[in-house]
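Here it is: the structure, laid out below.
In order of appearance the chains are A, B and C, and numbering begins at 1 in each one.
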Amino acid sequence: MDNLLSYIDPLLDGAWVTLQLTLYSTVLGGVVAFMAGIGKLSENRATRWLSICFIEFFRGTSLLVQLFWLYFALPILGQAIGVDLRMPPLLAGTIALGLNIGAYGAEVVRGAIQAVPDNQYEAAKALDFTPKQTMWRIVLPQAIPEMMPSFGNLAIQNLKDTALVSLISLGDMTFRAEQLRNYTQDSTTIYTLLLFMYFGMALVLSAIMKILERYASRWRTRKI
Amino acid sequence: MKTPRISFISALSLTATALLFSTSSNAATLKEIQDKGYIRIAVANEIPYGYMTPSNEAKGAGPDVAKLIMAKLGIKEIRWVTTNFGSLIPGLKADRFDMVAAEMAIFPQRCTEVHFSEPNSSYGEGLLVAKGNPDNIHAYEDFSNNKLKVAIMAGADQLEMMQALKVDDSRMVTIANNADAISTISTGRAAAYAATSLTVSELASKSDRVEAATGFKDPIVNGNPVRSWGGFTFAQSSTDLRDAVNKELLELKKGEEWKNILTGYGFSETDVQESPKRTTAQLCTK
Amino acid sequence: MLFGIEWDTANNWVFAWSILPILLKGLVVTIQATLVGFLVALILGLVLAALKGARLRIISWPAYFITEFIRDTPLLVQLFFLYYVLPEYGIILPAFMTGALALGLQYSAYTSEVYRAGLESIPHGQTEASRVLDFTPLHTFMFIILPQAIPRIIPALGNYLVSIMKDVPVLSVIAILEILNVARIIGDRTFNYLIPLSMVGIIYLLLTLLASAGIRYLDKRLPKEGIPLK
C-alpha cells in the first residue's frame, strides 16, 4: 500500500494539467457557445449559416476524431499551403475540447435565449434600446439562469473529455497514470485511484457550477 | 435581433492568441539548438531502450548515452517527450521533437523516412509467452505453421519480420505499448508477443504470469538470423545534428563508460560486441 | 496494406479512393460496437432504474452512488479499468466485449435517468385507473404504462445512440479496429494523416446526420399517446 503514496505525486502533476486544460477549454467553450448560439439567431443569413454549420459539424463528429485531426492532420494541411500549423498538445487539446463543448453549449444558449418572453423584446424596443443593449442588458441576464443547469452538465462532460488528450501525449492525469502502469503494472491500484480522483474533481466542479447557478439566478425576473 | 459586433472581435482575439501560443519550432539546426539551450528528445517508454521513471527521469540505453552526448555538444537542457512507439517517426517528421533516443532498429524502410545515427546498441529478438509456454512456441517461424495469434508493437519492425515469414495480417494483434503485452498474453488475447530480447526479458521479470520463451532462436529472414542495430533517429533535414551526434557517439563507443551503460541495462556481451560491426550505411541498403 | 487491401499513394485522390474500402471495414466494427454498446446500456439502465426505484434505501442508495460515479468519471478510464483490472480477478473478456461493456456501462447511467423520467411522466391516474379495474401490477406495467412511456423516451434514447457512436473511437486504445484506429494506422504507415482522418470526419458527419434523421422519422411515426396494442 505504500505504493499508493508514490503514485500520488505523479498523479497530482497530471491533475494540475487536467485542471488547466479543463479551465481553458471551458472558458473557450463558453465564448464559442455564446458566439454560435447568438449567431444562430442572427438576422444575418451568413452568420446564421456559419453558426449552424459549425454547430452541426462539431456536434456531429466524434471528439476524438476532432482531436486527432487537429493534432495530426492540420499540420499536414498547413504544410500544403505553406503555413506552420503545428500545435503543441495543450493547444490542440484546448481547441478541440473548447470547440466541441462550445457547439453543445451553443444549443443551450440558443434555447435559453428563445425562452425569454417576447414581451421583453417589445418593451425594450418601446424604450428605445439598441439591439446590442437589448441583448446584453435585457435578454442575456434573463437567459443565463436558464442555461446554468445545462452548463453544469456540460462542464462535467468537458472534465471527462479531458482524459482523451492523454492519447496525444499530453501529460494529464490519465497520461501519467498510464505511464505509472507501464512502469509498475499495478493496474488495480492506479486505475481505482485515478477514477476516484476524477470523481472528486467532478464533485468539486459540480459544486462550483451550483454556486454559479445560484449567483446567476439573482438575475431572474419575477413573473409579474 | 442583430448579432453583437463583439463576437467578431472575440473571434479575432482568440485566433491571435492561438497563433501566439504555437511555438514556432522548425527542424532546428545544431546551432539553433545550441543557441536555444535545449533539445527535445522523444522516447517510447520501452524498458530498457528509453523510458521515463515515475519521477519523470529519462533512463535507458538511448537516454543515458544521449545525455552524455548532449553534454559534450554543450546543450544543457534536454526536454524529454514520451509518445507511442508508432508515433516516433511521424513526430520527427512533424517536428514535434528534434531527436529520438529509443534505439529504433535501423533498416531500409525507415532510412527512406528519417536519418539514423551510427548504431548505438544491437539486440536480438525474443518471444514473451504465457507461464509454462502452453502453446510450445520457441521461434517466430512457429507462427508460419500454426494458427495462433501473435502480438506486435505498432510501428515496430516485427511487423516486417512476420510479413516476411508469411504470417497473415489477421493473426497479428497490434498493441500500442509494451506494458499492454503482459495483459495481452496472460489473458490469451495473443499466444505470444514478438519483441526484442531485452523487452521480453524485462516484461517477463515484471509478472509471473508470463515468461520468456526458452530455446529461442532469432528468426531467419532472407537467409540470415535477424539481429537489429538501434540508433538515434533524426528528421531528414537535421543532418548537421546527426553528424555532430555521430562524432561524439563514435568517440564514446571506444570507452568503458559506454559499455557499462549498455551492460547495466541488461545488454549481453554479444550485443555489445556486435554493435560496432555494422554501419548505418550498410544497414540502410536493401 | 491493411486487411489485405493495398493502398495506392500515387496522388491524393487515388489514395483516398484506395483506402475507402479499408476505412469501411473499420466502419463495420464501429457500427457493431455502437449497437452492442447501446443494447448493454438499455439493459443495464433498466437494472439501475429498477434498483434506484427500490423502496429499501440499502438498495437504492448504492445504485444512486454507482450511477453518479459512472457519470462523473471518463469513459476512457473506465475502459482501461475494465480491460486491465478485470483480468486480474479472473474475468477475461475479448477486447470487443470489453469495449461494448464499457460503452454500455457509461451510458446506462444516462438511460436509467431516461427510463425514470419517462415513467414519471405518465400521469398517476393511469396506474390508479388500472388498479381500480383490477389489473395486476405486471399487466398495468406491460400494457398500460410501457406503451405510453416508449414514445416519450425514444428521442432521448435515440440521442444517446448517436452519442455512443461518437464515443466508439475511444475503444481504439484497446486495439479494436474501429474506423478511427484504422485511419490512424494508415496514417502511421504512410505518414499522410490528412486524408484518412478527414475521410473519417466526413463519414462520421454523414452517419450522424443519417442516424438523427432516422430518429426523427421514428419519433414522427410513433403516435404521441402511446403504441396501440391492437
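The rule we apply is simple: contacts are C-beta pairs under 8 Å (C-beta built on N, C-alpha and C of every residue); 3 or more make two chains touch, one makes a residue touch a chain.
Remember, predicted model here, so these are calculated numbers, not experimental data.
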Seminar exercise, completed: Most remote chain w.r.t. Subunit A, using mean C-alpha positions, is B
For this session: Select, from B-C and A-B, the pair of chains that is joined by more C-beta pairs in contact.
Result: A-B
Problem set entry | Centre-of-Cα separation between subunit C and subunit A, whole angstrom | 22
Problem set entry | Approximate Å spacing (C-alpha centroids) for the pair subunit A, subunit B | 36
Exercise. Tell me, which residues of subunit B touch at least two other chains?
Worked result: 87, 90, 183
Exercise. At which residue positions does subunit C touch at least two other chains?
Worked result: 84, 173, 187, 193
Exercise. Touching two or more other chains, which residues of subunit A qualify?
Worked result: 72, 178, 181, 187
Seminar exercise, completed: Note: in the complex, subunit B contacts subunit A through residues 1-7, 10-11, 14, 18, 21-26, 45, 47, 51-56, 81-84, 87, 90, 94-96, 177-179, 182-183, 206-207
Problem set entry | subunit C residues within the subunit A interface of the complex | 69, 71-78, 80-81, 84-85, 88, 165-170, 172-173, 180, 184, 187, 192-194, 197-198, 200-201, 204-205, 208-209, 212
Exercise. In their shared complex, at which residues does subunit C touch subunit B?
Worked result: 1-4, 83-84, 87, 92, 94-95, 173, 175, 185, 187-188, 191, 193
For this session: Show which residues of subunit A lie in contact with subunit B when the two form their complex.
Result: 6-7, 9-10, 13, 28, 31, 34-35, 38-39, 41-44, 47, 72, 75, 84-88, 91, 95, 121, 131-132, 134-136, 139, 169, 178-185, 187
Problem set entry | Complex interface listing, subunit A residues touching subunit C | 56-57, 59-66, 68-69, 72-73, 76-77, 80, 156, 159-164, 166-167, 174, 177-178, 181, 187-188, 191-192, 194-195, 198-199, 202-203, 206
